[in-house]
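For reference, the structure discussed in these notes is given below.
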Amino acid sequence: MTVFQIILMGLLIICAVSVSFSKNLLNSVLIYMSFSLVMSLLWICLESPDLAITEAAVGAGITSVLFFVTLKKIHAINIAEKSEEQKASQCPAPEKGGQDE
Amino acid sequence: MSKRKPAEEYHKTFAFHFFSWLQGEKDPYLGNVEMKPQEEYVIDPEMQLRHEKEHDAILDKVYDMAHNRELRLFHRLYQATSILFCLFLMALLLVTISHLPATGAAVKPVNNEVAARYIESGLEETGAVNIVAGMILDYRAFDTLGESHVLFVATITVLIMLRLDKNKKGEPNPLTRDMNPNDRIYEPKNDAILQLVASFLVPIIIIFGIYIILNGHLGPGGGFSGGAVIGAGLILYLNAFGFSKTERFFTEKTYKWICFFSLSFYCLAKSYSFYTGANHLHSIIPKGTPGAILSSGLILPLNIAVGLVVACTMYAFYAMFRKGGF
Amino acid sequence: MGPNLWINYGEAVAAILFCIGFTNLLLQTNLIKKIIGLNIMDSAIYLFLAEKGYIAGRTAPIVTDGITSVEAYINPIPSGLVLTGIVVSVSVSALMLSLTIRLYIRYHSLDLDEIAAQLKKEGR
Amino acid sequence: MDFVCNFPFFSILISLFSGTICSVLPEKAAKAVNRIVIAAVGVMSGILLLYLLGTGESFVYWMGHFPAPWGNEIRAGILEAGMALFFCIIMYLSMAGGAHKLFDEVEESKHNLYYILINLLLSSLLALVYTNDMFTAYVFVEINTISACGLIMIRQVGRTIEAAVRYMIMSLLGSGLFLFGLCIMYDLTGHLLMSNIKESVALLIQSGEYQIPLIVSVALMCIGLCIKSALFPFHAWLPDAYGYSTVSSAAILSSLVSKGYIFLLIKIIYRVIGFEIFNNTRIIDVLFVFGLLGMIFGSLSAIKENDIRRMIAYSSVAQIGYIYMGFGMGTQAGMVASVFHILSHAATKSLLFIAAIGLTEVSGGSRKFIDLTGAGYRNKWAGVAFTAGSLSMVGVPLFSGFISKLLFAQAAVQVEGKMLAALIVLGISTVLNAIYFMKTVIRIYATTGDTSYPCITFKDMKVHAIVLLFFIVLNIILGVSSQPIVNMIEQGLAMFA
Amino acid sequence: MYLILLPILFPILAGLCLLVYRKEPERKLLTAFTGICLVITGALVVSALTLARQSLTLFYLTRTLPICFRIDEISVLFSLLTVIVFICAGLFAFVYMKHEQKEKRYYGFYLMVFGVLNALCFAGNLITFYLFFELLTLSSLPLVLHTGTKEAIMAGLKYLFYSLCGAYASLFGIYFLYHNCDTLTFTAGGVLQVSPASPEGRFLLLIAFVMILGFGVKAGMFPMHAWLPTAHPAAPAPASAALSAVIVKAGVLALIRVIYYIFGADFLRGSWVQTAWLTLALVTVFMGSMLAYREPVLKKRLAYSTVSQLSYILFGLAVMHPDAFTGGLLHVLAHGFIKGSLFLIAGAIIYTTGKTKVHELRGIGKEMPLTMWCYTIVSLGLIGIPPTGGFVSKWYLAIGGLAGDIGIFRYIGPIVLLISALLTAGYLLPLTIQGFFPGADYDYNTLQKREPARLMTIPILFMTILSVIVGLFPNIITDYLTEFVSTLL
């Protein structure tokens, strides 16, 4: 049983370290999701099933969903902004045309 | 006596400064306080404009992180000191852990008469088969009361931050007008695969969640985990079928009233048991036969209340993050 | 150095995770990474606390077939406390994420120092 | 176990429950509920205080059917009841003082959310004051942090959100360290109840085992609470948080929220570790040195400040430095001086914040000193209140500031090693205080001649003026009849252990 | 029994209700009200001095620190001086303030300063004294700031910071005194039981020196005198008369109270503190006169002369010999009247001719003969010519200096006093000579008699006569002083 725990804890440390060095935000959120899954496995090895269910449902489930929604929202704002810039860059062109005539 | 020095050279000597200070004429702190009347300060617009431009230029130079030498140095210094502080903290913690009692050992200060009583008389005092559930909802109920209020405060703050309200005159709040209210533009319309899977998975998830809540006092799980599972089910349903479908049965009013009723029930039930406990009155809540669903006094209704609150909160979080409304 | 560092390997890993989370929270400039660091730090503390209650060779504190002797079960208190802690860390990370969204909408950047620079420039 | 003993439980429960109720009430009703709850809790704590002064010893109240180490319990003594009463008075006055500004600062529909946060902040403060269990203290510290962060960001201006983020990061670091220290303490003693921990700590000290983990756990708890109450090296978040939030939240934050954590630290010193044991750990000197540094650098950065509210925020960093210097002296008199300074700083700081808002209202809403010249004439009440507040901060006799400086000095003179350092730094920081407060007072009473800004008379801000009057009277009462209060504090601390 | 409180509370309340009063009442009503209040307060002070003998404890600030008032010989002397100077300066101000605006604010704070000064004289212990010492600084600040111009505010700020730093230095000392001696009430001969030789005593000697420097700021001693020359010209003339005649004397009263009533004279006798104090006093005497000698502006010149004359008194206190002590106290009275009338005369000159520099005042004696005659008599008094009060006090100072056991200062002291007396003549008399004998090229036809208003000349005349009476019949005061001085030394 302890060998299994040691493996899980090694996984935990790898996940934690890789989160801080990963460049892409999506990757770090995914790694964090796996971190909390491994954590709920660890709770089971430590003989506390209550914690396992709660960590799985609340930690892995809800927190990761909130992270994904935040990233989506930020991504959405980026796209909206780029589309506005394109609209802004297109519309002055016709005005210049107007002045030439 | 000494050769007369020219005036401006004399002004630089220490003696001049000392005597003018002595005279009370020139003050080291306030500069010279001579008696000339203050002439009127006239502001001409052109000079002011130049000031503005210079000011912005200086500001840009001062605050751009990349080239400013002191800021970069300060930044690197800050990083170095915090890394050192963290390493020192880690070393300190590891040393303390090496002195702590061994984990897994049966005889250590943690396993004292407090834990013994929970295990031995936990069943007949609280009626809950799951001793942990009995402990958090009966022995140390005040913590869990505080706990659900932590969740409630977090919901309030998220509502403050993300809820887009139309004030009385109808136009949105000037501060948050740049948050576009409807996110539906960026997501694929009724994605067929997701809807099929959701129509199959959502009922199972919700039944599983209800099972966890109801068996909170019998097996592992309880209000929090069951509520989170149901919340996850609702979020999956929302993702698959969009806000129009969920608004049929889950609007802001239902959220508000569910939270209100379950939290106030939770508060009143627990304060009843605190009051009767503190004044040594006999509380009329039956313990029921251990192992049956309707056993262990207040724990089942409390679990249901907490489950409802957590489910609505998780759904509200997702809806707020997604659309700033329900 | 005390005798049982290798026996308490669980708590040692928890301490290492705590420091990793602490460093992330302090040093990362990206707000999302800071929040992840915060969650790692909290999980590490709860692991540390749960390790206290674990007693080798005993099962979870659920009285299935009427045995209520102390030697059968592990110590229930830490798991009760960690249950409370997990919900605290969820609510705190939800709050921080909502703050991040509002900051991004207003300043279009997730980097706290950049936001501070914009604030200073706008403030003067 | 007569009826009065239920009052601590009732006050916590009412404020918690009113938080839930306000979520469904319309805005006007929520405001009424908020005011009624604060007044009721204040009256209850007053009656409890009188009852305790009568009996003269603290009592324990079970939260649930089970005795102490198994179930939770709260413990009420003279010091706790007095603190609760004082917190309610300050909160009521701050809410009334900032009410008229609430409309243009907070969105219409989010007012009842604001009142929910105030109610839950009050309940967490009361729980921090009364609780006798460490983990309950941690849970209510979390409620305190989140609702304080809510109070900062309710104004939803770019600056307040950034200030809220910084505040949350620092506070979460603090509570993380606090929880870690708590876990180590639990591991060593096996108890979460304060009095049981104290017995087992005493046993550990005699038997001499687990010495290093004990000191490390106490150190972690102290550092955690110092970070949360903005002691000197960790005060970076404070000026933004207090400077830009709404009026009443700035007053409440600066005077009550950081005091809740300091009161928890006093409990840890007295009830968890024991006063003598805490004295001969080296932590006392670290707190003393950080207190002294805070006093000087807080005032120095306040002098450099150009925005009046940020200046007051920096001056509260200096005042928190005073309190920690009191802890650092390690004598009973030092602790009494710190507790008295908690009361006098709370009264003066919220007076200064509300008066500062009165002044900025009259000078076109800008907070820069240049626009504030002559504001004292335009808004007479705010001018007089600000002068009274700054005189009290400077330590002019007849105000509460002088008494707390006198108590600090009396305590410092009895401690051999730290006497000179404490007194010299006390003098320097008082003079620095004098510089930037007197500069402001002379600034608001300087005549500029241009009357472009409107004058406010008593009629159009009646409530604001009455609140300022109450604060000045409270300050003078603390200053003139300080002796009964000091006796009460000594009696409270005696029965506190 | 509450009679002692009346002269304190009445002026402060009158001043407050003047300040709070909404609109600016017209001049006649305002001056009448202030005049009546001044006279009533004077009567109350005199009645308190004669009737109220036993001490009154108002309330207890902390367990062992009461706020209590008590009248003894020193407070009689100082409160009499305060009453006379404040009533004369008040009368003078009624005319002078026509040129200034915001008179209501001036009279309000003027009355409050009067009340605070009475409280200072009647204070029974060190904490009450420090309380009103601090309030004196704060309430006299608006008098300096009155004109509201840029340099008035700068002078006010400078005055405030010098006084606050001095007050905190003395507060620093009070902390230690409060710890060492059981009660801080003023008892003749000192309260301290510690012997100067013990380590504790050596530390307390340093504390005594810090307190001397702290209170010395108010008394214009050498290193901290810089605020006086800037504060006086910025303040309106009657305010600077009150400032230099009485408010600066608060520093002297403080030093007497601390050295003779708390530490006790024999604690400091012969110690390094006494020698340091003597050197500082003598340096200020000499330096004050030298600077006054070269000063063109009349009011600044008088300010420098205040600095040097005050150090005469401090020298008298530092010698710690009965004669020198009586000389010092006599000089307090004499200097109060003389400097008060000098500043009022300067105010009259500025009010009528508007000139502030000395070299502009050629032939002033012809234009304002009565005022300039008073000026001449009074400056003779300050120089120390026999019939006037200055001579008697300087005489006692010189004898005390010679008789005191202060090593080589027995000779340096009197010599420096003599030189400074000559310098005083050097900076006061040229105005008289220039005024009465303007020299040949002065055209007499453009001359017109510009005697200032009746209400201005009466206070000046009254104070001049008083300074002469103090010189002619000194033994009334000297026997009164000598019989209680023996208890102090």
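Order as written gives the chain letters A, B, C, D and E; numbering starts at 1 within each chain.
Operating definition for what follows: a residue touches a chain if its C-beta (ideal position, glycine included) is under 8 Å from a C-beta of that chain, and two chains touch if they have at least 3 such contacts.
These numbers were taken from a predicted model, which means no experiment stands behind them.
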Chain whose mean Cα position lies farthest from chain D: E
Per CA centroids, the chain at the heart of the structure shown is D
Maximum distance between Cα centroids and chain B occurs for chain E
Nearest whole angstrom, what separates the Cα centre of chain A from the Cα centre of chain E? 77
Mind checking the centre-to-centre distance between chain A and chain C? Centres are C-alpha means, answer in whole Å. 17
Could you please state the distance in Å, as a whole number, between where the Cα atoms of chain B are centred and where those of chain E are centred? 63
Quick one: chain D and chain E, Cα centre-to-centre, how many Å? 45
Listed in rising order, chain D residues that touch 2 or more other chains are 135, 139, 142, 146, 149, 153, 156, 161, 180, 186-187, 212
Give the residues of chain E touching no fewer than two other chains, as numbers and ranges. 157
Chain C, residues touching no fewer than two other chains: 2, 10, 16, 18, 21-23, 26, 51-54, 60, 62, 77-79, 81, 83-84, 86-88, 90-92, 94-95, 97, 99-102, 105-106
Which chain C residues qualify as touching chain A in the complex? 9-10, 13, 16-17, 20-21, 23-24, 28, 30, 32-33, 35-37, 39-40, 43, 46-47, 50-51, 53-54, 58-60, 62, 74, 78-79, 82-83, 86-87, 89-90, 93-94, 97, 100-101, 104-105, 108, 110
Sites on chain C touched by chain D in the complex: 2, 18, 21-22, 25-26, 31, 34, 38, 41-42, 45, 48-49, 52, 77-78, 81, 84-85, 88, 91-92, 95-96, 99-100, 102-103, 106-107, 112, 115-116, 119, 122-123
Seen from chain E, its contact residues with chain D in the complex are 59-63, 65, 127, 130-131, 134-135, 138, 145, 148, 153, 156-157, 160-161, 164-165, 168-169, 171-172, 175-176, 178-179
Of all residues in chain A, which touch chain C in the complex? 5-6, 9, 12-13, 16-17, 19-20, 25, 28-29, 32, 35-36, 39, 42-43, 46-51, 54-55, 58-59, 62-63, 66-67, 70-71, 73-74, 77, 81
So in the complex, the part of chain D that touches chain E is made up of which residues? 391, 394, 396-398, 403, 406-407, 409-410, 412-414, 423, 427, 430-431, 434-435, 438-439, 442, 446-447, 480-483, 486
